[in-house]
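Okay, so here's the structure we're looking at.
Chain nomenclature is as follows: A, B, C and D, assigned in order of appearance, with residue numbering initiated at 1 for each chain independently.
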Amino acid sequence: MSILLDRNSRILIQGITGQQASFHTERMLEYGTKVVAGVTPGKGGRLHLGLPVFNTVEQAIRQEAPNISIVFVPPLAAADAVMEAAAGGLKLIVCITEGIPNLDMLKAKRFLAEQGSFLIGPNTPGLISPGQGKAGIMPASIHRPGPVGLISRSGTLTYEAVYQLSQLGLGQSTAIGIGGDPIVGLKFVELLEMFKSDSQTEAVLMIGEIGGQAEEEAAEYLRQSNYPKPVAAYVAGLTAPRGKRLGHAGAIIEGNEGSAQDKVKCLAAAGAKIIENPAWIGQTVRELMTEKKGN
Amino acid sequence: MSILLDRNSRILIQGITGQQASFHTERMLEYGTKVVAGVTPGKGGRLHLGLPVFNTVEQAIRQEAPNISIVFVPPLAAADAVMEAAAGGLKLIVCITEGIPNLDMLKAKRFLAEQGSFLIGPNTPGLISPGQGKAGIMPASIHRPGPVGLISRSGTLTYEAVYQLSQLGLGQSTAIGIGGDPIVGLKFVELLEMFKSDSQTEAVLMIGEIGGQAEEEAAEYLRQSNYPKPVAAYVAGLTAPRGKRLGHAGAIIEGNEGSAQDKVKCLAAAGAKIIENPAWIGQTVRELMTEKKGN
Amino acid sequence: MLIHEFQAKALLKELGVAVPAGYLAETADEVRLAAEKLGGQVILKAQILSGGRGKAGGIVVADSSDQAGLAATRLLGRKLITAQSGGRGLVVKKLLVEELVPPAREIYLSLVVDRKNEKLAALVSVRGGVEIEELAKSGPQAIKKEYFYPERGLMPFQARNLAYFLDLPDAAYKTFLDYLKKLSKFFLARDMKLLEINPLIIKADNQLVAADIKMDFDDSGLARQPEISSLEDWSELSAEEKRARSFKLNYVKMAGHIGCLVNGAGLAMATMDIIKLFGGEPANFLDIGGGVTEEAVGQAFEILACDQEVKACLVNIFGGIVRCDLVARGLVSSARKIALNKPVVVRLQGTNEAEGRKILGEANLPFYFVEDFEQAARLVVNLSQP
Amino acid sequence: MLIHEFQAKALLKELGVAVPAGYLAETADEVRLAAEKLGGQVILKAQILSGGRGKAGGIVVADSSDQAGLAATRLLGRKLITAQSGGRGLVVKKLLVEELVPPAREIYLSLVVDRKNEKLAALVSVRGGVEIEELAKSGPQAIKKEYFYPERGLMPFQARNLAYFLDLPDAAYKTFLDYLKKLSKFFLARDMKLLEINPLIIKADNQLVAADIKMDFDDSGLARQPEISSLEDWSELSAEEKRARSFKLNYVKMAGHIGCLVNGAGLAMATMDIIKLFGGEPANFLDIGGGVTEEAVGQAFEILACDQEVKACLVNIFGGIVRCDLVARGLVSSARKIALNKPVVVRLQGTNEAEGRKILGEANLPFYFVEDFEQAARLVVNLSQP
């Protein structure tokens, strides 16, 4: 199995004619992903990378029946693009764009909730179900199919984690970046819930970072749900200073909330295996899985 | 039984210190209705008609635990008052006020849907469950407890209908004015559904009028639900001219929609007994109930 | 509340939506002058508050300023009877004189409160200049609709959906989106019920021009729209309608001979219906409303009683908020003042009915009391017959 | 983006929210003059982009203009180290000289994006002038919160709930509602993250005056807020920070000796963490971002390599969007330019890693290649030790 994305997924690229979108669409196609169409207002009717381009999501859906959209639209137009995808009926929308205003995201999330659509991101590398499909911008080569579900707030740190896993022969069921912004779509809780019932996934790796409360909520969920699969967690930013934003718009310790120490404490108390050193991500997951099998 | 309102209902009056509100609150109290509190911003802490007055609905709920609110607030502030009641957690709100702008009502209805609250009105006389309680401005004396559920878009025409019923010894389970505005809360369909499972109600009388599609929707519902209780219907405005608004903001035949002739046709086709003459409302309901008992 | 085309065009112009160059004129001389300024060839449009002006002869094209003057002479002061004006028709007092805008294409655009769906709707059609309701039947595939809510407004992607449906030339696309954004904001900010541009002309140079505009505002919103309220034109109302309006009476004149004075819109409609049912013709709809005063009852009664067409009156009151004694007092003082000489059938029920009947009974005026609704209707129909 | 108090007060004044009379001054003479105009007794407030100024000695009351001048002499040019300013502290370059507003009461008001609940929140407290986070622990019953959404805004009944919670004097009630309406609209229109008035003073005459204000704007919204963007003060940034900003590099200076150059914020944090884990101290956070150019990589490297505090550097790149060869080229040209004389540990993984290593290997510069993350960290810690 895998979650959210599999070999039957049909992908739409919003903003397909842009430079980044073009580059990554080609990579997705190379990976064997079924990208079926693109949307760029004003460029409808053309072919781009061999794919039909439409002016609106509505037209693209009518013609090509995608079920996932990936949004590469510039920041100030991206929330509108996300809502367009949801209004068209798409149930999973992956928003790569970084720098979308908070208020736009608040509006978009309310709209998506009404439409019953899920959002991954924004400011995310996307998601990949190795061997099945790639809906994002991560380097495909480091991934292997396998038993580890990966949920991360980070981009390149996720690649590092995947690299370590794959080096040890531990493949991934699905690896998902949830995005580094203060307001994002699906978070740890919802995705842990999905991995829970995914037969391919034997363990879950969480990569958190400072800021917000997503890790604390995940800990609460793990505790309350008595989560049946082993969970390992790494939280970046133990050395982060208070009140300084570290790159990601969401990565800031505000007031008394969001320090890596607090997050680690909560997750440990909830039974997650804490990874102390970012170089030990792979081996810690391997140990965890071996232990659990031993039980 | 009865629907929506019974002897345990605890009523809050919003705008209680106004002239109309005061007059009608006294009538409700005379009828034995449990009016428990009032709200008028700026007049909190006083007693009015022997009832405690609060500045906010929130305070009134905390102190007196009402479960129904009646709104007598002026038109431009009324939608806000309705939302205040819903935000406070009240599940039934009766809005007497006439002349609320359409856009305000659209906003309020969305808010109420989110909160899971029901609205009766605006521009309604309210509702009464004879012998149990009165949440509105209708003259109490004409009502009798009994088996007829009454749903009406009109005010005084409802009194006329009730008068005719009571004259013939036919009491009412609950009589509800749904309001004469283009955008109202509960309509025929939802209330027919409630009367369906009310044990006291043996037959339903609908009083419609020109404008909108509420009667057509009711006909569709009756047909699809194979409605189990006898329904009689009178529709006012057979002589109404096109494009002229007759009193109620909602009573206007626009384009090809909303004529009394169309409504009567739909309702008749759905099995409702059509009342041709407004003087025959009582006797037609009596005949209908006798027929059905005969079956 | 409807406003005139020239008023609507002034509002749009202010908003930055292009309209044809034009002048408002009230005399043939003014029309001639305006036509000269516009280069001779012009279109004259009767400014009455009703649709269907074209079919009724209210829109005329003139090839020269002289021809324009001549056409104006024929139009000004004329009564136009349109599909929506009612039998009386409306007198043309003002003409809008406009340049002729040659269309490369005509499209349709409207914004409306959709009461059935309890949403707002933006509607476009690839065919402009035709009646949208007819088009909805004959060619629904030519129409596209986007729903929206007042909190969010029309979203950019919805505007794009409409624009691409219309298959606009690239050069007109941005202007269309700009117009739609401005119009939808205006619609919300001004408590509108309907804003219709039909046709919206696409010129050969891809300019978009709103050639005809209809604007209808929510009456209930006027209290917070002073700018819009000030546009109300009372000049088309009859003397009776003006009087009724100033006393907050809901009055609509009709063609029959039986005056109806009722409290409550539903009961007023039912009263008209029952009169018709027994062979009579109501002369009006009149709902005196819940907050009515004694003076207003008197005014309402005078409007009916002084109407030459009215042969008999039916007063049908079911007291709730309105007290029967108040109505009775209003009737009596008014009837005395105008020396009432028409039969009046009176039915009083509800709050203070006994007091009301007593006041009327003691007044010694041509009032007939009837308790039963049906009998009251039969009687007034009989009394109205010559 | 934070703005200065004097800037925030100017915005509020424009909006119609009362603030104390005051002047901005940059010299002791200007301060003396301002104090004279304000009647002698004044408050001097250091204009630095950081909270906690009071505790750090940045807010001083003076009883006369001479005293004000004297205090200004002590304050201007001084480095203030506040709880939020970081170890370096911030130099006071401007003072806001204000009248003293005698409070009858002090309350608290803020509007904030609540990221946990994904809503906006309006917060009040009956106690102003204290830190809200401490109050939330010590006296939560003194605080009331109303959530709202950008589409709807703060609704009138919510504003009333807050106002009545504060138990305002009648004469202050309407002003409070008026302020709250204006502030919540401003918050939404200007893409704010935080608007805090603490304290909001209720004067004896029931006037409301915003005595201290904090405004923080969403960086992602600045692209559509030219007016707000123009308020950005770069003068508090160090030369390195300015350079980083102008090349769109995410750079935060810290106290250690190991420079870090990383792509991706998470990996950059992890890199700092692992350095600390092996006994080193990172000199900075630096995320070069996904859209980085060769030139920007060079600039980033120069910032680190030219920092006197930095003894060794760790370059940790996991190529995704960023290509390793591009990074390598940026490093090499920059290292040549500055005649690099510090050890640099380089780890390149991902897109075009082989090309990258080749470029660096051929450059004949003090680069150490390590493939393993842990080894790279250990090595750079060793190399940084004296």
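By our rule, contacts are C-beta pairs under 8 Å (C-beta built on N, C-alpha and C of every residue); 3 or more make two chains touch, one makes a residue touch a chain.
Given the structure is predicted, the values throughout are model-derived calculations rather than measurements.
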Least hop count linking chain B to chain C through chains in contact: 1
Reference chain B; chain at largest CA-centroid distance: D
Contact-richer chain pair (by C-beta pairs counted) among A-D and B-D: A-D
Where chain A and chain D are represented by their mean Cα positions, the distance between them in whole Å: 28
Chain centre separation (chain C, chain D; CA means) in Å: 58
Distance between the centres, which are taken as Cα means, of chain C and chain A, whole angstrom: 56
Junction residues of chain C - those touching two or more other chains: 151-152
Residues within chain A bordering two or more other chains: 107
Touch-based graph of the chains, sorted into line, ring, star, complete or other: other
Those chain pairs that satisfy the touch definition: A-C, A-D, B-C, B-D, C-D
In the complex, chain C residues that touch chain D: 151-152
Footprint of chain B on chain C - complex, ascending: 84, 86, 113, 115-116, 118-120, 133, 149-151, 188, 191, 193, 218-221, 223-224, 250, 252, 254, 262-277, 282, 285, 287, 289-290, 318-321, 349-351, 372-374, 377
Residues of chain D that touch chain B when the two form their complex: 152, 155-158, 160-161, 164, 170, 173
Footprint of chain C on chain A - complex, ascending: 41-42, 44, 55-59, 77, 80-81, 83-84, 87, 107, 111
Residue numbers on chain B that touch chain C, as the complex places them: 20, 75-76, 98-103, 106-107, 109-110, 125, 137-139, 142, 152-160, 163, 180, 182-183, 207, 209-210, 212-213, 234, 236-251, 255-257, 260, 276-280
